[in-house]
Structure formats: C-alpha cells, structure tokens
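Two complexes, one shared chain (subunit A), two partners (subunit B, subunit C).
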Partner chain A sequence: MTLVQNFPAFSILLTIICAVITSVLKRKSASVLTTLVIFVNLVMNFMVMIYTIRTGESYVYMMGHFPAPWGNEIRAGIFETVTMTVLLFVILFSYLGGYRWSAARIEPSKYNLYCVMVELSMLALLALIYTNDLFTAYVFIEISTLAAAGLVMAKQNGRSLVAGVRYMIMNLVGSSLFLLGVVILYTITGHLLMVPIHDAVAQLAETQEYRIPLDVTVALISVGLGMKSALYPFEKWVPGAYSNTTPTSSAMLSSIVSKGYIFLLIKIYIRVIGLPVIDMLGITDVMFVFGAAGMIMGSVNAIRAKTTRMMIAYSSVAQIGYIFFAIGLGTADGLMVALWHLIAHAATKSMLFISCAELNDASGNTHMRTALKGAFYRSPLAAAVFSLGAVNLVGLPLLSVFVTKFMMGQAAVALGGRHMVITLICLAVSTLLNLGYFMNTTVSFFVRDEASYTVHTPARLTKFSLIGFIALNLILGLCAAPIYEILLTGLSRFA
Partner chain B sequence: MLSKLVGNYEETAAIILFCIGFSTLLFNRNLIKKIIGMDIMDSSIYLFLASQGYITGRKAPIIVDGVESMEAYINPIPAGLVLTGIVVSVSVSALMMALSIRLYHRYHTLELDRIVALAGKEEV
Partner chain C sequence: MSEQKKHSAGERFRRWLNQDTDILEQQMIAAQMKAPAEVDPEEVEWRRQRLEEEAQEEQAVARRLEAFNEQKVPETSRFLYCCICVCICLAMIGMLLYTVTMLPKFAAEWDPTINEVPQRYIEKGLQETGAVNIVTGMILDYRAFDTLGESTVLFSAVMVVLLLLRMDAESDKYSTLAAAMRSMPHTDTFYEPKHDTILQHTAKILFPIAVLLGIYVVLNGHLSPGGGFSGGAIIGAGLVLHVTAFGFQDIRRFFTYKTYQRIVSAALLTYAVSKTYSFYTGANHLESGIPLGTPGAILSSGLILVLNICVGFIVACTVYVLYAVFRKGEV
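Our next item is the complex of A and B:
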C-alpha cells in the first residue's frame, strides 16, 4: 500500500484531532487551524484523486487492519475522490468567503466552537463519502446533524434558535428512519459492510425471500435521507435554517451537509441494494414524483420569497428536486446526472450565498430583494459572481448546470415513455421558473436608480473566495466533458 | 398474522414504540414531549436490535469457564451497535434539552407554535 492510499483515513483522523484542539483555542488561532485543516485535507484528497484517476482502480482500506465484522472499512475510488475534492474546495471558499460576517456576528468567546462545527461538518462529509459500513454512516449522519444544528444557531438570536429546533426535529426523524432501515437490513442480511450486504440482497431478491422487509428497508432509508437533504415536501426547515444564520453556515448547509446525505443515498442504491433490485422494488418512481414536485414547488416558493437569501434557500429545494428527479429515473445514467448535479449545485449555491452576503452589505445591510437595484455599481465583483451563479442555475450553455439538464434530458429520452415526457415538461417548466426569479433579481443589479454610487470593496478573504468560486464554476462548466467522462469511469467501477 | 406478531413480540413491541415516539416527535407541540418522543423512538430501535442479537439458551459473550465455542454465546455485534447508538442518542438529547432551556429563558414557554410566533415578530 502506498502512502497516498492512507490519505482518506489520515484526513478523517486529522480532522477529529484538530476539532478537539480547536475547541480550546482562541478565536484567531481557531480560525487559522480550521483553514489549515481544510487546506491539508484538500491537498491530501487531491493527491488521492490523482492516484485513483491514474490507476483507474478503487481500493478498500481496513481501519487498524481489523477485518469485518470487527473492523471498519473505508473505500476510495474515482467517484468518491472527485466529489470530495470539489466539495473541499467549496468548504475552503465558503469558510474564507464568509469569515468577515462570521467573525462579526458570532460572540468572540464562542468563535472557536463555531470553527469546531465547521470541522465536524467536514469530518462527517469525509466519513459519509468514504465509509464502506452502514452503521458508521449512521453515526456520522448524527455527527453531521449536530454540527449542522450548531451552524444554524451560530448567530444565537431568537430566529436562529427556532430554525435550529425545527432543523433538529426534521433531521432527527430522518436519522431514526435511516437507522431503522439499516437495522432491518442487518436483520435480513446479517452484515453491515456494503459489499456483503449487496451479495446477500441480490440473493434475497432472486429467491424473493424477505421481500416485504426489503421493501420497507429501502423505503425507510430513502425517505430518511430524503428528509435530511430537504427533499420536497420535507423542506419546511430550509428557509429558516438557510436564511437566519451566517453566510458561511448557509453555504455549508446547502452545499456540504445535504450533499453528504445524497451521496450516501446514491452509494446505497448502487453499492448496497444494487440497481436491478432498486428497479424491481419501484422506489425510484416515488423519488421521481417527489423530485418533480420539488423542482416546481421550490422555484414557485423562490419567486414568492421577499429576501434574496430566502430566494436562494428555496432555489436549493428546487435543485435538490433535480437531484432526486435524476435518481428517480432509476438508471445508471440518471444516477450519474444526480452526482454531477450534486457537484455542480454545491459549487454554485455556496457561491450565491457568499456573493449575496457581499451584495446585501453593499446595499445598506438589507436582505430585501428590492434593495439590490443598482447593486452592480455598488459591488461589481459580487454582482458579477451572483450573476454567474444565476445564469448557471438557469442552464446557460458552457456552464455546469446546462450539462445536468442536457444529460438528464438524454437519460430520459433513452428511457422513453412517460418518463421522457414528464422529464422534458418538468425541465422546461423548471427552467422557465428559474429564469423568472433569477433573471428578475440579476437584471435589477444593472438598473441605475441613483445618480452616483459608492463602490464597496470586499474584504481580502471574500475577494479571494469569490474569485475562487468563479474559477471552480468555470472549470466545472468549461471542462465538463472530461470531468464527466472521469466520473463515468468511476461509476462503472463503483458497484 | 397474529401468531407471527405474538411469536416475535419483541419486534412487535419495538415497532409499536417506534410509532408512538415518531408521532410524538412530529405532532406534539411541547418541546419536552418531543424530546421524550425522540428518546422512545431511538430506544425502540435499540430494543429491536438487541432482540436480534439474543439467541435463546446462550450466554453473554464473555469467556469465563474457558468455553471458546461460538455456539455457546449470543451475537455480540448488535449489543455493540446499541451501545454506540445510545451514545449518539444521549448527545442528541442533551443538545435538544439545552436548546429547549435557551428557548424557555427567551420566550417563557415550551410550546413550539408559540415560540415560532414570538420569534417571527422579532427583527431579522
């Protein structure tokens, strides 16, 4: 085993150790350590990504060299490493980009604890992406929930506390459903590691033994993770949680926390249950319907939102709908589109939250959509970045979300029948709705309503983060074909 | 059907408890009752899991008389999972209780609807 192959395990251990140390540091040191650990994880994961792409192989890493069922396993392949690397870039830019507001709005004596929550969210994401064990996944789902609740309540005002409670209640229901699903799966297969479960489930499906418990398991896991990742109609906690906290928290909640759960669901469908069994059980049809409802209703609510952050929050519901809609197609192509959109949405949504905070600041510290008229003349960089994110989510060619829509359409056409018709209609309606609220906001940036404007210069870290987000989104859009090909190779070896 | 439910009475009890906890967590408006519902729900899953590990006539997997045969002991893995699950549940309950105390100090009520209404009137 080469040194690089140890890096996923090192990343997890390093983050745990740093989270403990951060809890006793002062504000500035805590912030420096958090940035450092994100950066080191990024470098390590980037190296593992290069290794897996070069060799084209995935590998299983036994933690402490104990074999199953006593030991625990992690698995690294192209699918996991590419996703993790992109999401680590998003974490780095979200943390640095929102630092100014986090430092200003969080009590200085508690800032180190906020950094701990950021690190724990990253830890949970690392574990959810790399783990090969379902019970470990449950433990890290709960760690992610606790850390995310801390991120939601960072501002410690009444609204953020209420948002935190609502977030916790909905997410705890989701976690419990997931746990019950895992327990029933363990009962009927006798395993917790993904590969042995996959073999046992294939055998059960063939013999039709334990058919009802298998149906119940897949339904519980799907609904549990759907609730946690804000799938419509379980999204009631989203607007409060995303709009009453710091920009870093909003960016991380929408781009990191929910994406970990969705990645796990995709992983369970492919590596645990298996696509033929998923198809036989028919759960994807439910995902298809919920996804379609999310795509439309998320956008309808975004149009009605009064504040920009609320609009972006509801837009997240619509984009999560896209991901579940793609999963609902029930094919390998559909799952590939879901993973692509997971990455594309993470990079875009965090960029929107950070640029929106900068625009709000430049427009007199207001969150109202109407106050952003002429924002381009007050904060040109932030307005340009927001506009890039907006046109990306609408589906402008050469950008990453266009690839989602194009590939989703192609996957649906390959499937034919009612899936094709519904997909094409939903894509058209959703794109028109996206155009409605994003273009309405973006165009208002360029409307001059005053004779002269004072240009607001973003903080150095915010500027760095905004430029980083532009680069990340342009790379994902302009180099979509090779990245998509690499992910396709990863998918073929994921099962 | 009834004989199956009675025969697997531990699992039946666990599922009934899960439903009670689930509905309490979702539909009760009182924060403390929600936390109790959450704990009932988690405990029911641990009961379900523990019952899967138990094998009638076998002992706890601790070697005391030099008997090393696997046939002599119950399955220890569910017990290990239950212990891990309990640690997770305790952490979640602690956070929810701390949060309830904060909200009670601020709004002088534990009714979530009332808290949401009062928080809605505060400035953004």
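Our next item is the complex of A and C:
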C-alpha cells in the first residue's frame, strides 16, 4: 500500500485531532488552524484523487487489524475523491469568504467553538463520503447533526435559536428513522459493512424472504436521509436555518452538510441495496414524485420570498428536488446526474450565499430583495459573482447546471414512457420559474436609480474566496465533459 | 448539640426510631440560621424586585401566547391538522409493529445475525484482542473507529452546548439573551448557595464510593462487564451529586473549565493518535508491536486499557459539564 492510499484515513483522524486542539485555542489561532486543516485535507484529497484517477481503481482501507466483516473499513475511489475534493474547495472558500461576518457576529470568546463546528462538519463529510460501514455512517450523521445545529445557532439571536430548534427536531426525526432502518437491515442480514450487506440483500431479494422488512428499511433510510437533506415536504426548517445565521454557516449547511447525506443515500442505493433491488422495491418512484414536487414548490416559494437569503434558501429546496428527481429516475444514469448536480449545486449555492452577504453589506446592511437595486454599481465583484451563480442555476450553456439539465433530459429520454414526459415538463416549468426569480433579482442589480454610487470594496479574504468560487464554477462548467467522463468511470467501479 | 452528646448511640437510635428526635435536626437548624445572615437587605430587596419583574414578564408572555392562540385559525382546519397528525403517527406505529413481527426470531437457529461475525468475536476475541470482556474487545479493537466516532459525538455535544449556553460577562455584550439569563431569578446563579443537610450527608458518603466504583469499572473494562462508557457515567454522576450538594464554589477547587479542557483534549488526542498508529499498521499489514499481555491480568489487552481510560475521562467530564452548563451557564 502506498503512502497516498493512507490519506483518506489520515485526513479523518487529522480533522478529529485538530478539532480537539482548536477547542482550547484562542480566537485568532483557532481560525488559522481551521484554515490550515482545511487546506491540508484539500491537498491530501487532491493527491488521492490524482492517484485514483491515474490507477483507475478503488481500494478498501482497513481501520485496524481486522478485515470485513469484522472490523471497520473505509473505501476510496474516483467517485468519492472527486466529490470530496470539490466539496473541500467549497469549504475553504465558504470559511474564508464568510470570515468577516462570523468574526463580527460571534462572541470572541466563543469563536474557537465556531471553528470546531466547521471542522466537525468537515469531519462528518469526510467520514460519510469515505465510509464503507453503515454504522460508522450513523455515528458521523450524529456528529454532522450536532455540528450543523451549532452552525445554525452560532449567532445566538432569537430567530437563529428558533431556527436551530426546528432544525434539531426535524433532523433528529430523520436520524432516528435512518437508525431504525439500519437496525432492521442488520437484523435481516446480520452485517454492518456495506459489501456483506449487499450480498445478503441480493440473496434475500432472490428468495423474496423478509420482503416487507426490506421494503420498510429502504423506505426508512430514504425518508430519513431525505428529511435531513431538505427533500420537499420536510423542508420547513430550511428557510429559517439558512437565512438567519452567518454566511459561512449558510454556505456550509446548504453545500456541505446536506450534500453528505445525499452522497450517503446514493452510496447506499448503489453499494448496499443494489440498483436491481431498488428497482424491484419501487422506492425510486416515490423519490421521483417528491423530487418533482420539490423542484416546483421550492421555486414557487422562492418567488414569494422577501429577502434575498430566503430566496436562495428556497432555491436550495428546488435544487435538492432536482437531485432527488434524478435519483428517482432509478437508473445508473439518473444517479450519475444526481451526483453531478450535487457537486454543481454545492459549488454554486455557497457562492450565492457568500456574494449575497457582500451585496447586502454594500446595500446598507439590509436583507430585502428590493434593496439590491443598483447593487452592481456599489459592489461590482459581488454582483458579478451572484449573477454568475444565478445564470448557472437557471441553466445557461457552458455552465455546470446546464449539464445536469441536459443529462437529466437524456437519461429520461433513454428511459422513455411516463418518466420522459414528466421529466421534460418538470424541467421546463422549473427552468421558467428559476428564470423568474433569479433574473428578476439579477437584472435589478444593473438598474441605475441613483446619480452616483459609493463603491464598497470587499474584505481581502472575501475577495479571494469570491474569485476562487468563480474559478471553481467556471472549471466545473467549462471542463464538464472530462470531469463527467471521469465520474462515469468512477460510477462503473463504485458498485 | 451538647444535649445530644449525653445520650449513648443506642439511646439516640431508639429516640430516632420513636421519632422523638431527628439526628440531623440541629445541623439543619444551624444551616438555616446561617443562610439568611449571609444576605444583606439590599440584595433581598433586589431579589424581590427581580422576582416581581419576572412575574410581570411571564404574564406578558402569557398574554402574547393567548393572543397568538386566538388568531383566526379556522376550527375545522385545526381539527383536521390534529387528525392528520394522529393518523400519520398511528400509521407509522402500525407499520413498524407489523415489520417487527416479520423479523427473524431473536437467537433462533435461522437468525441471520448468528453468522461468522459474532462467531469470530466469541471464539477468537480473547486471543486477538487480549480482552476477557468480549464486548470491550469488539468496541475498542475490532470496531475502534466507530467508538472513536462516538467519543467525538460526546465532544461535539459538549462543544455545541458550550457554544450556546456558556455565559460570561463578555456574552452580555453580544447577546441580549445572555444578559437577561444572567440576571433572571429562575436561573441557578440567583438561588445558590443551598443548604440541604440530608443531601450533603448522603453526598459525603456516596461521592467517594461513586468515584471509586467508576474507576474500578473503567480499569476492569477489559476483564469484567463495564468499561469506559459505563464507568465514566458513574464518575460523572458522582461529580453531579457533589455539585448538587456542595455547590459550585466547592467543586471549583478541583474541577474548572480549564480542567475539563485539559482532561478531555488529552484523552481524545491520546485516543486519536494511538488509533492513527493502529489503523496505519493495520491497513499496511504491519505488526503493531503492542504486547497483549496475559489475558485476565489488569495490565493486558494492549491499547484497550488505555482507550478505556480515555473514554472514561471523556464520558465523566461530558456528563458533569453538560449538567453544569445547563444549570448555571458556566463550568
């Protein structure tokens, strides 16, 4: 085993160690250490990504001296490492980009604890993406939930506390449903590691033994993770949680925390239950319906939202709807589109949150949508970044979300029948609705309603992260074809 | 007190049985006599005012709640909402109960959980981990990564609670809520110190026993039922008992926020670093070189003893700190 292959495990353990050290540091050093650990993780994961792409293989890493099915394991392949690398870029830019506001709004004596929350969310993401064991996944779901609750409530004003309580309640229901699912799955298969469960489930599906428990377990896991990642009917916690906290927290919640759960769901569908069995159980049809409802209702609510951040929060619901809609297609192509949209949405949504905070600051510290008129002349960079994100989510060609919509259409056409018709209609309606609220906001940036504007220069770190976000999104958009190809090979080795 | 000394122990016991005297009576009276003397009239007045203010505030909140409840929500839609809630819950309960009846019978011959996994744990556990207690061997050696995750869960829980509830003078500047909480009569800051003689006497006896028992359970985790989680919870309960009886002033002589930080960070770091070593050697198929010792001896089973002690420290501190922060807003 080469040194590089150790890096996924090292980055998980390093994050734990650094989180513990951060908890006893002062504000400044805590922030520096957090940035450093994000950067080191990024470098390590980048190297693993290069390694997995070059060798084209995935490998299993024993956490201890005992192989499956006795000990814990993690697993790294192209699918995991590419996702992880992009998401680590997002974490880095979200943390640095929002630093100004977090530092200003959080008590100095508690800022190190906020850094701990950021590191713990990153830890949970790393573990959820790399784990090859269902129970490890549950343990890190707990960490993710706790850390995210800390992120939501960090500002400690009334609204964020209420949002935090809502977040906690909805997410704990989700976690417990997931745990129930894992317990039932263990009872009927006798394993916790993914590969042995996969074999046992395939056998159960063949003999039709324990059919109802299997149905229930897949339903519980899907609904549990759907609830935690803001699938439509369970999205009531989203607007409060995303819009009443610091920009870093909003970006982390929408792009990192919820994405970890979705990646885990995709992983469970492919590597634990297996696509043929999923197809047999018909759970994907439910996802399809909920996803479609989310796509439409999220956008409708976004149009009605009064503040910009509320609008972006509801747009997240719509985009999560896209992901579940793609999962609901029930084919490997559909899952591939879901993963692509997961990455594309993470990169875009965090960019929108950070640039929105900068725009609000430049427009006199307000959150109202109407106040952003002429924002381009007050803060050109942030307005340009926001517009890039907006046109990306609407689906402008040469950008990443366009690839989602195109490939989703293609996957639906390949499937044919009802799915094709519904997909094409939903895509069209949702794109129109997206256009409605995003273009409305973006165009208002360029309306000149005052004679002269004072230009608001962003803080140096914010500027750096905004430029980083532009680069990340342009790379994802312009190099979509090769990245998509790489991910496709990853998908073929994933099962 | 002097009157009591004249009687023999047997006589005092008889009198106590007859409910003629209460052996703690004198001390209770003494404590109660002492308590009001500490409070100066100005403070009493201030407390009275605060209590009145709070009563008014509560009334205001109650009024607002009433107004909120009287808002125009049609009676039928509220009824429908309740009905749907009950139906969904009943459906969930019914579905889960039905599923449970479908599951394989526990420990039956055809139970899928009886497979090669527990077989190896039971048959080779002692030989491979050196722990007589198979459960400890399982959670701290075979599946040590999960347990590291669980310890991190405890750590995250304390961090979130501290982020939310720790209040110091500086918090007042940033959060109106913290400022209000710190002067509210219903918080513990207001009512301390307490003088409960019965509790204090019980705690005097139970605290050392609880801590010793906890240490025993932690140290013998690899030999007998128990381990870091259970032993740590016992020690933590002892600390909670101590602080309930004697107040924070007393416990701060040996346990402050600094102590918590030092103990927990040292324990988690030891855990994480030693496991990094063991994961690295395990995955690269290297010998770890940690001797397993003689099974059954206290110094045996390799890293498990060390990890149990770490987990014990983490759990004990977590239990105490969660209690302290919820009660007082600081450690």
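Criterion: the second predicted complex is superposed on the first by the 492 of 495 C-alpha atoms of A that agree within 3 Å, B and C clash if a C-alpha of one lies under 4 Å from a C-alpha of the other, contacts with A are read in each partner's own complex, and residues count from 1 in each chain.
The rule we apply is simple: a residue touches a chain if its C-beta (ideal position, glycine included) is under 8 Å from a C-beta of that chain, and two chains touch if they have at least 3 such contacts.
No experiment lies behind these values; they were computed from the predicted model shown.
Q: Once chain A of both complexes is superposed, is A:A375 in touch with subunit B (first), subunit C (second), both, or neither?
A: Neither: A:A375 stays clear of subunit B and subunit C.
Q: So in the superposed three-chain picture, is A:L179 touching just subunit B, just subunit C, both, or none of them (first/second/both/neither)?
A: first
Q: On subunit A, which partner touches more residues: subunit B or subunit C?
A: Comparing touch counts on subunit A for subunit B and subunit C gives C.
Q: With both complexes overlaid on chain A, does A:L265 touch subunit B (first), subunit C (second), both or neither?
A: A:L265 sits against neither subunit B nor subunit C.
Q: When the two structures are overlaid on chain A, which partner does A:V139 contact: first (subunit B), second (subunit C), both, or neither?
A: Both partners.
Q: Once the structures are superposed on A, label A:A149 by its partner contacts, choosing first (subunit B), second (subunit C), both or neither.
A: Touch partners of A:A149: subunit B and subunit C.
Q: Is A:M1 touching the first partner subunit B, the second partner subunit C, both, or neither of them?
A: Touch partner of A:M1: subunit C, not subunit B.
Q: Would you sort A:T187 into first (subunit B), second (subunit C), both or neither based on which partner it touches?
A: both
Q: Considering only the touch criterion stated at the top, classify A:R159 as touching first (subunit B), second (subunit C), both, or neither.
A: first
Q: Considering only touches as defined above, state whether A:I169 meets subunit B (first), subunit C (second), both or neither.
A: first
Q: Per the definitions at the top, what is the overlap between the subunit A residues touching subunit B and those touching subunit C?
A: Residues 69, 135, 139, 142, 146, 149, 153, 157-158, 161, 180, 186-187 of subunit A touch both subunit B and subunit C.
Q: Which subunit A residues qualify as touching subunit B in the complex?
A: Touching subunit B from subunit A are residues 69, 135, 138-139, 142, 145-146, 149, 153, 157-159, 161-162, 164-166, 168-169, 172-173, 176, 179-180, 183, 186-187, 192, 244, 307, 367.
Q: Touching residues of subunit C toward subunit A in the complex: what are they?
A: Its residues touching subunit A are 95-96, 98-99, 102-104, 111-117, 120-121, 128, 141-146, 148-150, 152-153, 155-157, 159-160, 162-164, 166, 168, 170-171, 173-175, 177-178, 261-262, 264-265, 268-269, 272-273, 275-276, 278-285, 288.
Q: Spell out the residues on subunit A that touch subunit C in their complex, using ranges where they run on.
A: These residues of subunit A touch subunit C: 1, 6, 9-10, 13, 16-17, 19-21, 23-24, 61-66, 69-72, 106-110, 113-114, 116-117, 120, 123, 127, 133, 135-136, 139-140, 142-143, 146-147, 149-150, 153-154, 156-158, 161, 180, 184, 186-191, 200, 210, 212-213, 216.
Q: List the residues on subunit B that touch subunit A in their complex, please.
A: Spelled out, the residues of subunit B in touch with subunit A are 18, 21-22, 25-26, 31, 34, 38, 41-42, 45, 48-49, 52, 77-78, 81, 84-85, 88, 91-92, 95-96, 99-100, 102-103, 106-107, 112, 115-116, 118-120, 122, 124.
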